[in-house]
């Protein structure tokens, strides 16, 4: 069951190599991988919208989409048809070329990062030896597209959304990258495949999340990831109650769908990368195939993101920055140091003790330093 | 505290001030309004520090601005102040500097009745758009769309001493002459009277 | 030449063309926002060339730092100072003559260097420069310049904060 | 005009580089969180508000003039449309003013029914306002839908007694339109019993939520003096510590018979406004419990005026004027009526709490961010139907 | 941190409860799915629910209770009722409406017409699905569209129906008795059977 996808690709290639020259087989192999990603990306996006709507519905005591198809499973297709047939509105005074390019430009990085995700054993499209860095670098370019969209719309809400988005993305990139460092330190490689393999089997708590620094990095990475995807509680760039829809206020029809697609694909890939980095990727109990484990872990993380959305209000822009610079950044820096010590101290008990103590101390110190930003307790009088 | 007591107190405070009791309220001259309101607000006895409502009433021979003052600390009130001004040049000093709550209410009264509150920092129309003409709550206000004006309305207005322009009158009369049946032909029976 | 190599070569030339075209765009676009976007295009093209030359890490860093951060910062600056984004403000001044002269001198210098240099041609496949090798070089052989650069950057950072503080 | 040359613009003093340009944004009239068609003309420096002017009137329908061309009873359904969340308390205020004008007594049972309905309305209003506030804060509809889940139960009661869920048109001069049946009373009792459980859940979701706390605390602080001076009423004033609740001050209707307290905040920020509303709901539940326990049997309509409903045009209050005010969930809702002895009021004025509470919007928002302006507006609790009357 | 976690616990509880608890849209309990799948499922109709008005006839359509007295049209706050009295062939006015139009785009369901009608001829209906393709034609209801039988009224509002019938019967008896005495005082005439129709 496990290598089903790998074997089917092999079989397909064998079939082609029977009557095609060698160099075309290489091309075919590439195109199969690309095709798989091109199908998987939008398909994931479509069903994540369905999944989110269902989940939020259940959280809010309602059913969610249930009209189109059984359990509303065809809803994404209906949405797609609607989006495609909708009028495409370009505001007057907009920079038309950039306005058109922006949503296209944002989908490209979102699709590119799929190529380094190990979906299962031997199931990575490209095993780059800088896999994680590639992921981070390519997702950093989404800023550019958001900026293009925001600026080209000639709308003040878009512009505000764009500014917020850039400030946020640039800020959260820092803790995000820094929280990957301990993991790279432990695995000694940037390749996503090596990272998964270095986390051992499924038993014996070998995943990075089970170490103190790994846990801290997991939390900081995941939080930064949520921020990078513009998801609640960090969704200020498109905070609908404040700036209408932020950078995609002026988009409609398929262009809007592309923004949405990019957002949901980012949700998936960030969750996937978190699973790869900290939760052992496709490692898991042998009962299930490796790719199933990957998807279970990823969807669990996606679930948490949507659960956030169903529960939490949004932070304010300055608080958001404060969280990134005054809390996450120092914490990740200390965390790198802790991870270094971890490999330096040979005795297990000592290193766990030191790591926990150091991280706890940092946490406490940061809380104390940011006291003014923390909630205060209130009392109320009752007059007759 | 009944109006008579307040009147005597005010008269002892401001000798020679013309105060009249009308209904539950005290009728003041526009020039006395601010000092009386300030006294009521600041004197230890009244402490009328909460201006609940300002409104204007069109009494056809004059416009009247009515103020309801309460005391939050002493939980007393209301002290009702009234100021009468002529219709053609309604000017009343503003109370915004004493009571912030007057800000929107005076704007509203200006918008609806056309009373100019002098000294108001930002006396613009509040509900109607800029450039709107006329003051809709005055009894002689005639809407631009004469469709709405029916003969009954004309009669009502004239009974109350408002002169209706001849063309409106003519229209209403024609409408009446055409009869109910004719009006039924129009798309919305009865709806225009709103 | 096998078709695959041909494809790769075409790809590299396309990337070069993209970089150059975008670079021309940077200096010729009337709208400064478009110029900045073209700059991002140039940098992306360069990253692509790095990738094709098996310098993966360099390509990643190029995208992360230049496209992800530097261009964004430029765009942010443009956006914040609205009037700079105004297309009526010319992006060029009247000193194109001297600039052209300087450019020619530079081109001549570079050309002479190109001609002088002995370009070795190797038949062996390129080995990718791994992160491990880079790390060893940075923290071993070149640790002193590396640290100097960090200190310079730190100083720049502090300086920026000091300048940005209003009071 | 020749375009400026670039060298010149690079001087540090030049406005092109120096100018932190103020940036004018119109929040509204079509905006997700202006609670209707309301516009805030905001000037921003970065994201900080330096000036804010509310622009209203998009929903203006000259409510007062409509009422002046209508029989007294005919305005009753129009008061429903003022603050369409709280039609019962609007009816209450209007009925109170007319009853004061025409000196009408209300039978005992009707008083109780009115109080029950007014307090249920308060629950409906506060619970949905908190929901909307959370929506403004960016919570994706969960608090709103939890709030609406409970609101629905109360609206069902309204539908059962008054015939309509929101436009109740239930009170009449001298009583109420229809008696409560035992089944309805039982249902209200059940709701009142179950409501604290919901409030606990709601508070668990919100009150201690750190994100909500840091977003709301110290934002939009309304000091005591300004609150009194600007005529702020209702929960908003009480969050600033103004101990002024008409149910205690005027003791209108039969509010003097119930034991309840007035929660007062100390700081007067958005968080206090939120929590004061929650505490007020708990006090309202106390009133409801007592009222449901004590409610006597008897007629719900003053028999002298029962025939009035049959011919509203024959109802001609004596000449005079009356100002009736009630503690509506949003603040002091006043009706000023002048009668000239005919079947139509000569003057009908509404003192709309939504409008007057909005006076301080600019004071509260200055120096805060756009996101704060939205939640401050949400915490002021306006309804455009009433604001624009 | 704890507050956030507690909130998330509450939403999770609601999420799980939506699968566990039965669907009871009309219940007063908290939790579970509370929405109604509208066109297929409906909440039970409340008896006092009021929507647009309708005219009542007794038995046959000719037997309209309305005497076109115009009271409802005068009392209607938004003035959405328009009545023209019927005449017989000689032009003598009859006690029934020839035209009885209600503009449902204007009507605001306040129920004052029902309260004001002295002849129990107009009542508020439960029908609320009256959408139409255009405003003026399909939403201005004419006399024949508005007519509904007393049986319909009895079906939607049994309690009110019983009370009103009771009162009407009493009124009719009283009237008949009064008429009888008047007639007895005057001259004996063949008595007409008392009918509820004026």
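So that you can tell them apart, the chains are marked A, B, C, D and E in the order they are listed, and the count of residues begins at 1 in each.
Definition applied: contacts are C-beta pairs under 8 Å (C-beta built on N, C-alpha and C of every residue); 3 or more make two chains touch, one makes a residue touch a chain.
Nothing here was measured: the structure is a model prediction, and the numbers come from that model.
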{"item": "Least step count from subunit B to subunit D, where 1 means the two chains touch", "value": "1"}
{"item": "Reference subunit E; chain at largest CA-centroid distance", "value": "C"}
{"item": "Comparison of A-D and A-C (more C-beta pairs in contact)", "value": "A-D"}
{"item": "Farthest-lying chain, centroid of Cα atoms versus that of subunit A", "value": "B"}
{"item": "Centre-most chain, if every chain is reduced to its averaged C-alpha atoms", "value": "D"}
{"item": "Separation of mean Cα positions, subunit C and subunit B [Å, integer]", "value": "72"}
{"item": "Inter-centroid spacing, subunit E versus subunit B (mean Cα positions, whole Å)", "value": "40"}
{"item": "Centre-to-centre distance between subunit D and subunit A (centres being mean Cα positions), rounded to whole Å", "value": "42"}
{"item": "Approximate Å spacing (C-alpha centroids) for the pair subunit A, subunit E", "value": "57"}
{"item": "For subunit A, residues that touch 2 or more chains besides their own", "value": "59-62, 310-312, 375"}
{"item": "Where subunit D touches two or more other chains at once, by residue number", "value": "23, 142, 146, 149, 205, 208-213, 243"}
{"item": "Multi-partner residues of subunit E (each touching 2 or more other chains)", "value": "3-4, 7, 10-11, 14, 34"}
{"item": "For the subunit D and subunit B complex, residues of the former touching the latter", "value": "56-57, 60, 62, 64-66, 68, 226, 228-232, 242-244, 249, 320-321, 323, 325, 332, 334, 336, 338, 346-347, 349, 351, 355-356, 358-360, 388"}
{"item": "Complex contacts: residues of subunit A adjacent to subunit E", "value": "55, 58-63, 66, 307-308, 310-312, 375"}
{"item": "Subunit A-touching residues of subunit E, taken from the complex the two chains share", "value": "3-4, 7-8, 10-12, 14-15, 18-19, 31-35, 37"}
{"item": "Subunit D residues touching subunit E - in the complex, by the definition given at the top", "value": "70-71, 73-78, 80-81, 142, 146, 149-150, 152-153, 156, 159-164, 167, 169, 177-178, 187, 190-191, 194, 197-198, 201, 204-213, 309-313"}
{"item": "In the complex with subunit A, residue positions of subunit C that touch it", "value": "2-4, 31, 33-34, 37, 40, 44, 56-57, 59-64, 67-69, 71-73, 75-76, 79-80, 85, 128, 130-132"}
